[in-house]
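Read through the structures below before going on.
Shared between the two complexes below is chain A, which has chain B as its partner in the first and chain C in the second.
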Partner chain A sequence: MAVVFEKPKALANVPLHYCPGCTHGIAHRLVAQALDALDCADNTIGVAPVGCAVFAYDYFNCDMQEAAHGRAPAVATGIKRVCPESVVFTYQGDGDLAAIGLAEITSAAMRGENITVIFINNAIYGMTGGQMAPTTLVGQKATTAPYGRQLVGQGSPIRVSEMIATLDGATYVERVSLHDAANVNRAKRAVEKAFRRQIEKKGFSMVEILSTCPTNWGLSPVEALNYIIKEQMLPVYPLGVLKEE
Partner chain B sequence: MAKVLMKGNEAIAEAAITAGCRHYFGYPITPQNEIPEYMARRMPQVNGTFVQAESEIAAINMVYGAAGAGARVMTSSSSPGISLKQEGLSYIAGAEIPCVVVNMVRGGPGLGSIQPAQSDYYQATRGGGHGDYRMIVLTPASVQEAVEMTVQAFDLADKYRMTVMLLGDGMIGQIMEPVDLDAVKTLMAPAVEKPWATTGMKNHPGRNVVNSLYIQPDVLEKVNERLEAKYREVEREVAAHEEMMMEDAQIVLAAFGTTARICKSAVRMARAKGIKAGLIRPKTVWPFPYAAFEKAAEQAQSILCVEMNMGQMIDDVRIAAAGRCPVSFYGRSGGMVPTPEEIVAAIEKAVK
Partner chain C sequence: MAICRIDTSACKGCGLCVNACPKGILALDDHNLNAKGYPPARLTQAELCIGCAVCATMCPDCAITVER
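Entry: the complex of A and B
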């Protein structure tokens, strides 16, 4: 019988700690599938963030470093300078990358570090319990925005991928989503492309993945996919290639 | 090679290269700018890497990544920049990554001044970052000693898998003195294997993870106990000091780095006046050479601690003296450097 699907070898055989319906698991699988497809897991060093994906160092079958909050691109820079022939990636959430780590992500892209950044945007701080992120939508409720994010005083969502795409050092930036099967397949191609481009020494690549947080959004997994991502996030965070050269 | 005249900062940078450091990450701040400038020039010549980071925070995290991948790595800064590095230093301690950090201390607090000071003693010896951790802190008093300690710093870092800080001051960084860089090569220890480094699984058995997160409290407690045992070992093996005219000393000066050099002049001047002065100069301030001061407290009438701050190392001297003799203090701060005459006056006051 033909095998149509199997767990990627680069994904460790351990239970993930993510909440039911959270799309981190899919995003992990896409990264692992890319490492398998490019047959590079044994020459890869990943950098885990602080946030929901903090235990990512246990989930990939490759060498890993755990970085301080927001510092993953700096840690990855250090690794890549020592191991220029290795594949180096960061896996970061929106609190990590778009708030406390804005300087590190921007400067790594500016330098054109030949690394791959997987940026999970679920518009909220998950691990700490649903606080407002810079990516939180206007009007969206969070534990630190109990009346919904206010335009005046709290501002409107930051679009990091658009910002990064303005930098000459960033050569591939794409935003994808995990809200349905077709988009998961697009995301899979984008993630693999980002890693392939690193191996081809094409420079800094980043894939932003729109993801769910059913627990902190207070929705069922299906509602989270349809209501927040499809109806609310897509108009603010349009999908597509922002930069490819 | 004959001795060459070099600025302290540049000599430290070249000594790091001699020690096999090929990766340097830094950020500009006075009075240590000659280190990143020298590294920017030299690293490409030795197939090394120089990265000017976007901040001291980024620089220390680049150190984390690079040293976690097994390389000999250095960063340098001065007081306000070292404050920014504390997050990284704590993570580096937790993940047991070896690295070398230079702090050319300037006056504080805040933006302070750019002149030499020793007011980061507490931060260096008590841990400016969070959690139970230690760094080995070496305190050079000359450019020659700074290059020797730089080489020693890399060896100690690799041996104990911890940060070694070279705690200088604006004077050590800026002064020009003759140095013999060839001589330091003979001080180098054999290279240490790093089977734990993240170099890719094809280069080692199994999967390597560099991490400081232990979510189970009982596991983290065990890690802290293991770290503590290592720190006790470092205390036994690494503490070092120099003594001057201690055989019959009745008034013992305690000073490190630049201040200790000035104290040497003061000790000679006091001896010329018939005062039996001596000096104990810690070459490591963590681990602190408590035993030397315990002995001095038994023998001397009093100890005078001289520092370029408002009194920080005096806490360690008092711990060692444990009430066995009076401990007094003379210090200048804000970037002011004490003169030998001022110190002699403080000695005369202490022996009255």
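Entry: the complex of A and C
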């Protein structure tokens, strides 16, 4: 018999602190699987965000650096320019990347920094207790939108991947989702491709991963996959490659 | 022949594997909580496992190992 699935080596052997069923854990595993597949963990430097993934620096068997809220792409830029032969990635939530850090991600993509960005879109601020994010769906409830996000006054969600794909500096942008095993496997291929392209010096790559926050969505982990991601997020955030060149 | 092993101490009882298993042979064990206080996933009919690893693919905590 052969092992068909086991914990990847690049994932540290410590329990993740995430809530039960939170798909941040799946996204972490996909990053680790990519580092294993490309055999590059020893030469990789990750940048952790502020948000629920703040402890990501403890979860990977590669070098890690913590950044101030939203500033991971700027920190990653500095690291990559000093260590151009290292594989450099950021792992950021949508509050981190699409709100306070929108300038940093936009500028890093504009400059065409040869880094990989793993963008976790769960349409809410998880760590701080469920406030509205720029990615929150119209009608979706948040502690700061108790009646649901209102189109008039609060606008409709930013589609970050579409926006970043308009920048010449971005060479690979794909949106994937974790709502079932087939999509997790698609996401796995996208994450690995983003890292491989960086190693091939093809420039800025970003994978947006639709992810859950069962705790702040007020749903069970299974309901979170079905009701929010599948039925409500997919129509607003269509999956697929937005740019590859 | 396939073997699906669940590290019940790492499990958080989220149920994503139970929901995903195409053979419907996983269940949360509400009667034997683990040290974290969660009802761990267990195989109800291990001999029916086909080793597809769909459960492990959906587990956020890497609590499942599959051999085939």
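Observations, loosely collected:
The working rule: the second predicted complex is superposed on the first by the 245 of 245 C-alpha atoms of A that agree within 3 Å, B and C clash if a C-alpha of one lies under 4 Å from a C-alpha of the other, contacts with A are read in each partner's own complex, and residues count from 1 in each chain.
FYI, a contact is a pair of C-beta atoms (placed from the backbone, for glycine too) under 8 Å apart; a residue touches a chain by one contact, two chains touch by 3 or more.
Given the structure is predicted, the values throughout are model-derived calculations rather than measurements.
By the touch criterion defined above, A:L11 lies against chain C but remains apart from chain B after alignment on the C-alpha atoms of chain A. When the shared chain is aligned, chain B comes close enough to touch A:V75, but chain C does not. In the superposed model, A:E208 lies in contact with neither chain B nor chain C. In the superposed pair of complexes, A:D94 makes contact with neither chain B nor chain C.
Looking at the complex, you find that chain A touches chain B at residues 41-45, 47, 54-55, 57-58, 61-68, 71, 74-83, 86, 103-104, 106-107, 111.
Chain B contributes residues 23, 25, 49, 51, 53-55, 57-59, 61-71, 73, 87-88, 91, 95, 198-202, 207-213 to its touches with chain A in the complex. Remark: chain A residues 1-8, 11, 15-16, 18-26, 29, 180-181, 184-185, 220-222, 225 touch chain C in the complex. Those residues of chain C that touch chain A in the complex are listed here as 1-3, 10, 12-16, 19-20, 38, 51, 53-54, 56-62, 64-68.
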